[in-house]
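Shared chain: chain A. Partners: chain B in the first complex, chain C in the second.
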Partner chain A sequence: MYFGQRLTRREDDKFLKGRGRFVDDIEPAGTAHIAFVRSPHAHARIRGIDAAPARALPGVLRVLTAADWQAAGLGALTCVHPMPFSDGRPMNEELRPALASGKVHHVGDVVAAVVAEDRYAALDGADAVAVDYEALPAVTDIARSLDEDAPVLHQRFGSNLVFEIERGDRAATAAVFDAAHHVVALTLDTHRVAGCPLEPRAYLSRFDEATEDITLWATSQTPHYLRRWLAKYALGVPEHKLRVISPDVGGGFGLKTHFAVEVSTVVWASILLGRPVKWTSTRAEALMSDAQARDHHTRARMAFDRDGRILALEVDTIAALGAYLSNFAPSIPGNSYPQTVTGLYTTPNLHLRVRGAYTNTVPIDAYRGSGRPEATFVNERLLENGARELGIDVAEIRRRNLIPAEAFPYTTPVGRAYDCGDPPALFDKLLEIAGYEGLRAEQRRLGDRGVRMGIGIACFLDKSGTGSSRNLASRGGLHGGYESAIVRIHSDGRATVFVGSHSHGQGHDTTFCQIAADRLGLPIEDIALVEGDTGSIPFGNGTWGSRSLSVGGVAIMQAADRVIDKARRLAAHMLECAEEDLLYENAVFSVRGTDRLLGFADVADAAYHGAVLPADGSMEPGLEETVFYEPPDTNDPQAMHLAVVLVEPRSGKVTVRDYFTADDCGNIVNPLIVEGQVVGGLAQGLGQALMERVVYDGGAAGQLFSGTLMDYALPRASDMPGVRMTFQETPAPSNPLGVKGGSETGTIGAPAAIGNAVVDALWDLGVRHVRQPFTPDAVWHSLEDAAG
Partner chain B sequence: MHPYRYHRPGSLAEAEEVLAGDGDPRPLAGGMSLIPVMKHRLAAPSDLVDLAAIGGLTGITVEPATLGIRAMTRHAAVAASPSVRERIPALAALAGGIGDPLVRNRGTIGGSLANNDPAACYPSAVLALDAEIVTAGRRIPADNFFLGLFETALEPGELIVEVRFPVPAAASYRKFPNPASRFSVVGVFVARLADGAVRVAVTGAGPCVFRVKAFERALAASFAPGALADLSVAADGLTSDIHGSAAYRAHLIGVLAEDAVADCA
Partner chain C sequence: MMRVTLDINGREHAAEVDPRMLLVEFVRRCAGLTGTHVGCDTSQCGACTVHLDGIAVKSCTVFAAQAEGHAVTTIEGVSPDDGLSPLQAAFKEHHALQCGFCTPGMIMSALDMIRRGAATDEQAVRAGLEGNLCRCTGYQNIVAAILAGAAAMAEG
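The block that comes next holds the complex of A and B.
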């Protein structure tokens, strides 16, 4: 059995030796390069675009603007997960334009594209395009986006409101608050961050004039979606003439899922010019064009009884969606956030209002965690402040509120049912590895010496697997939730597995082949995995929402099982026995009670020779099976974090000294890879908590201040604490592997756990909250405010 | 990057000749500031004059009361130099904390000073230690060298050849790094010179490195952290950016100065 083994990742050898093959590594002869003219304004009217000076430059082949796009009758980028108002009205939908027309709405908005013989000429051309702007006042601060006097981005809606939803019961919740023993109220903003994959986005499109086939190499987590979106929504090209290849991809975290603004223009330009056209994002472009994340302004209250039991939660959130709606954006505050905001506690009453809003900022979309970090921060910060105000230990208050194992499946006040779990047992595991009582004793000892140590906890729910297509559609989704896989046995008995997910760092080549090897009874070395090519894979909903294993993994398992079923039928025919009499082990069929054997490779050979198949034609030659697997439901991974911080009150500096995690992500195929996912997610969660922050000038200009990695602070190895992990494996009931998603918990829990720890360290000085990220400046200002 | 002509002169005289020419020639030392700006197409010099092949511009010389560091000496070499570590350990530590290993192995002391980035580390050491900037034609005292934001007393085309640091009685540099760039949000260099004078220089906090005379007077009277207890720096005129408000920077100057004084004890 490979299932459960700590195999090192097979794909790492090539990456560590620099032998990966990424989009930018590919450059066919005759490739032209594209550069984009981007808005320097957050909000401006375009009075005119003069492309003549660019066209006159040597090497410039073509300049494209919105006028050309419209003249060509092209379509729009798309939002595949709309969110209607609670009363059923459709949301106020403004899609991201490939090329802005009339107005620009954020710094970095694309106004024109210059195609040239090389990258230098393209950049010179982009500089030469003269755009006449009339600057308009901008709003970038989400808290101000719905104010009466806020500049309105899209006038036809009359305000910046995209949608407004209410969940739970307003009146019942208000009544509970009125009668509650204790109420905690906080403003709990989660700031905007940028996903920063090591490999920037890149696209290379080649148009074959002879066949009119288009091949697009793209940094995509979802190559089939990208093909569908380009064909169906943007360019109107026939889907069978468009092949999307996503080769090795160096990280994505969600933002390589989305229908990014540049890709349509790259493909269109290659068709217009009849030659390959390429664009590779610079880091500065990435920070003003890749979809960004979070950016919530929230006022929330939690009501308790005298024993610290949660009676009700009230949440009022304005969620930024950016200047336009990117693919999945509305569903993040509209679905993920309300479904996880009560976390792992039995919260009997909830009232939640979410208003999605436009601001003059880069569009928001899904980024590792996607709605759950914002939700967890609200729930967990309120709970710990409540515990302290009630004089109850923060671990004890959780024991009183965690959902007991016997309550699963557990239905939350918003109607979502959590599948399975045992949060109290998981919590015990967390406290055990952390040595909670010992940490409290150490905190007291250090406190006596004037060292401020803080301990913070977060318990929370992930949601993964995306569920069935029908379920997604019921919540507005215009995309599927299934996955496809082919298991192809070659005539020598070795196998190639094709699957519609796409690894951009998750180790699919190892995990998926472990599953296939177990089901096929083959050594893992005899199995190859193919992902990321619409030319060879039937269809794929791609890798996002922690869905690859619980959906794609099951598709592989089922296809492999069908292959073995057929091989068994053929082996029984060849061995002249009944199928029931066959044993299959270690790639050998044997007839029970006899010494008759037949190797799997011999069966494969026979399947492809075809000559010995049943004469009655009851069996087709070949040995290959295709499965489209539709999962019946999502799954609900759970995790808990404990952070130990040291805070220097003089400077405000926060050091995360130790970190402990307890994850229940169902059955674990490869513990080494899951541990890597936990730590990787944690690095991003710690980044969000301590330093990462997209900053716009909050005034009317709306300029982007965090435009390079000299100002946008990513965590480094030296910022990471020691991490101790523990796991509990509660098998998911909704899939036969019993697996759940396990890659997003780090980003979800860290801001809450670290935030709670910082407040713990400073509580006696009067600090009740610190705004995120917990930079030295923010901590110091909190101390100043507390001191009055 | 825009196109430019690349020169690699073998002597100072040759370099100065190109730099005196038409267009917008720029000297290239380590390139750790200039090259990124060129890559962003925010600078477009007509000519780059690479100083790397000019003889005699690297190395550290030890005199009884002075350390001389030649202009093209890399930060990593200063950090690792036994002479610097023995005589002015605060300077070696400062050099070892600049940027990251890549920057320290390319960046030079002369390049850093000529650029005079408001958040660079070296200007605080030069100002606090009362060093001299030596060019081909003159010696410029530190107090006269740093004029403003990215502005120095250097004439166009005038190249630094050496920086001469008096060996102090005690010194320490404390820096609060920008978490992204590792430039200073605030850096404070405190030096007690051989003649007993105390100098406190602050970088990162304003448009240009500056001295805090009130701290210097208090420390001259009593060189102990407690001497600063009742003093503070006004936030007016200090930098406010995404890494810290002016008020926070003003506060940090006091905190870091106290720590630096404590280091010297």
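The block that comes next holds the complex of A and C.
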């Protein structure tokens, strides 16, 4: 049994020896390179583009603009998860243009593309394209985006509003607030961050003039989506002539899911030129073009009874969507956020309003956590402030509000049913590994010596394995929630597994083969995994929303089971016995009560030879099965964090000294990999909490300040505390593996837990809130404000 | 254009290059050694770390032409033909990599740290990794792997 084993990863050796194969590592002879001309303005009218100086440069092959795109009759990039207004009106949809026409709407908007013999010539060409801009006033601050006097990005909508939704019951919630014993109200913004996988995005497209086949190597978490979107929406190429290969990919975290603005132009240029064309993003381009995340302005209130029980939650959020709508963007504040905002508590009343809005910023889309970090920050910050104001310990108030195990499946005020779990038991595990009482005693001791230690907690849930397709469609989705897999047994009895998921750090080559090996009864060494190639995999909804294992993993399991079913039928025929009399163990079929044996490899050999199959034609030759697995529902991983911080009030510096996590992500296939996902996610959550922030100037110019990794601070080894983890395994009822997503809880909980810890450390100085990220500047200002 | 000849992993590589070509680009495009990666434009990430005369440098901060006359060692040059080096084996054992993109730079930096005797304890290793970014692992397992790798190399 491989399930549950801490196997080291099969994919590691190639990476450790520098033998990974990433998109930028591939360069066929004759490859031309693209450089993009990008807007230096946040908002401007394009009065003219003069490409002649670029065309005159040596090595420049082609300059492409929106006029060329339109002349070629090409389509638009797409948004596959629209979010209508609550009253049914469609959202105000402005899609991201491959090449901006008429106006630019954010710094980094693509205005032209220069194709040249090599990268240097392309960059020189891009520098030589003269664009005449008429700068317009910009709005980059989400809190100001819907003001009467805010500059409007897309005039045809009359304002920057994309959609407005309400969830819960406004009147009932208002009545509860009016009568409540205690109410906490806070402004709880979650700032804008950039996903920053270490490998920048890259695309290489090769057009074969003889066959008219296009092969695209892409840094994609969803190669089948990319093929469909290019074919259906942008370029109109036949889907069967376009093969998308996503080889080794250096991290994704969501943003390599999206229909990026540059990829269509790369493919189009390769068709126009009849030669391979490549673009590899620089980091500076990534920070002005990769979809960004979060960026909520929220005012929220929580009502309590005298015992600290939550009576109601009221949330009013403006969610930035950027200058245009990226693929999944509206669904994040529209679905993920409301569905998780009451977290793991028995909050009976909710009223939530979300308004999506355009700003002159890079488009927003899914990034690890996606809607849940914003929701958790609101819920958890209000709860801890409430506890302190009521004089109830923050652990005790959670015990009074956590959903008990027997209440599952538990339906929230937004109508979402959480599948299973035991939050009170998980909470006990967290407090136990953290030594909560001891930490409080230490806090008092240190406090006596003038050292400000803070303890913060967050309890929350994730939303993983997004499905079914029907459920997705009911919430506006125009894409599927299923996954496909092929298990192919070769004539020597070894296997190749093909699946529509994509691993870019998650270790599928190990985890998925652990599952396949168990189901096939083969040693894991006899199984190979293929992902990321539309040429060999039936279809894939890809890897996002922690769906790979609970959807793709189950597809593999079911295909393997069907293979064994057929092998058993064939073995029974060959051994001239009834199927029920066969035992299958360690790749050998044996007839119960006899010494007659038949190896799995012999059955496979016979299946491919074909001659020994039943003469009545009741069995086809070959040994391979395809499954399209549709999950019945989403699953609900749960987690709890406890952060211990030290705060220096004079400088405002926050140090996270210790961090404890308790996760319930269902059954665990490989603990080594799951632990890695927890700590890795946590580093990104800690980054958001303490240092990462996309900064625009906030004024009418709308300039981007965080344009390189010198300005956009990613956490380094010395920023991370040691992390202690514990797990509880409540099997998910919605899939036969009993698994749930396990990789997003780190980003979801850390801003809330660390924020609560910072406020805990400074509460007696009058600090009630610190804005994110909790930089020395933010903490210092909170202290100044508290001192009045 | 100018002709640049470099000693990379003990082998001579010559090419006509643009004078602005960086060492990392020469390594990747002219020598075809794609284990060395580019993760930023501003020498923050360390994915391009190689050894120049045995010292770790970020190959995006060196022009290819400047490396003439020096011995360049890349991840391919410190990897045994069969199996893994003790440090690489420690990375695997401790699950110190996920996407694998930063990994060659981490190995090259860690080797330098270990050879300098600077990988003494957790705090020293965390400080020693100041020039290398990893976006996947949260560093915990990388730190453990480097300490284990240092111990294995000391026993060597």
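Heads up, the rule we're going with is that the second predicted complex is superposed on the first by the 788 of 788 C-alpha atoms of A that agree within 3 Å, B and C clash if a C-alpha of one lies under 4 Å from a C-alpha of the other, contacts with A are read in each partner's own complex, and residues count from 1 in each chain.
Everything below uses one rule, namely that a contact is a pair of C-beta atoms (placed from the backbone, for glycine too) under 8 Å apart; a residue touches a chain by one contact, two chains touch by 3 or more.
The shown structure was predicted, so the numbers you read here are calculated from the model rather than taken from an experiment.
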Side-by-side fit of chain B and chain C on chain A, or clash: fit
Superposed model, angle subtended at chain A by chain C and chain B (C-alpha, nearest 10 degrees): 40
Chain B versus chain C as contact partner of A:611, first or second or both or neither: neither
Touching partner for A:171 - first (chain B), second (chain C), both, neither: neither
Which of chain B and chain C A:1 touches, first, second, both or neither: neither
Partner chain in contact with A:709 - chain B first, chain C second, else both or neither: both
Which of chain B and chain C A:15 touches, first, second, both or neither: second
Which of chain B and chain C A:249 touches, first, second, both or neither: second
Chain B versus chain C as contact partner of A:504, first or second or both or neither: second
Chain B versus chain C as contact partner of A:29, first or second or both or neither: neither
Partner with the higher number of touched chain A residues, chain C or chain B: C
Chain B versus chain C as contact partner of A:210, first or second or both or neither: neither
Smallest separation of CA atoms, chain C relative to chain B, angstrom: 5
Interface residues of chain A shared between complexes with chain B and chain C: 120, 284, 708-710, 714
Footprint of chain C on chain A - complex, ascending: 8-9, 11-22, 24-25, 27, 120, 196-200, 248-251, 253, 280, 282-284, 504-507, 672-673, 675-676, 679-684, 708-710, 714, 716-718, 720, 722-723, 746
Residues of chain B touching chain A in the complex: 1-3, 40-41, 176, 178-181, 183, 241-245, 247-248, 251-252, 255
Of all residues in chain C, those that touch chain A in their complex: 18, 20, 28-29, 33-42, 44-45, 47, 74-76, 79, 84, 88, 91-93, 95, 97-104, 107, 122, 125-127, 129-130, 132-143
Residues on chain A engaged by chain B in the complex (per definition of touch): 120, 123-124, 127, 284, 650-653, 690-691, 693, 695, 705-706, 708-714, 719, 775-777, 780-781, 784
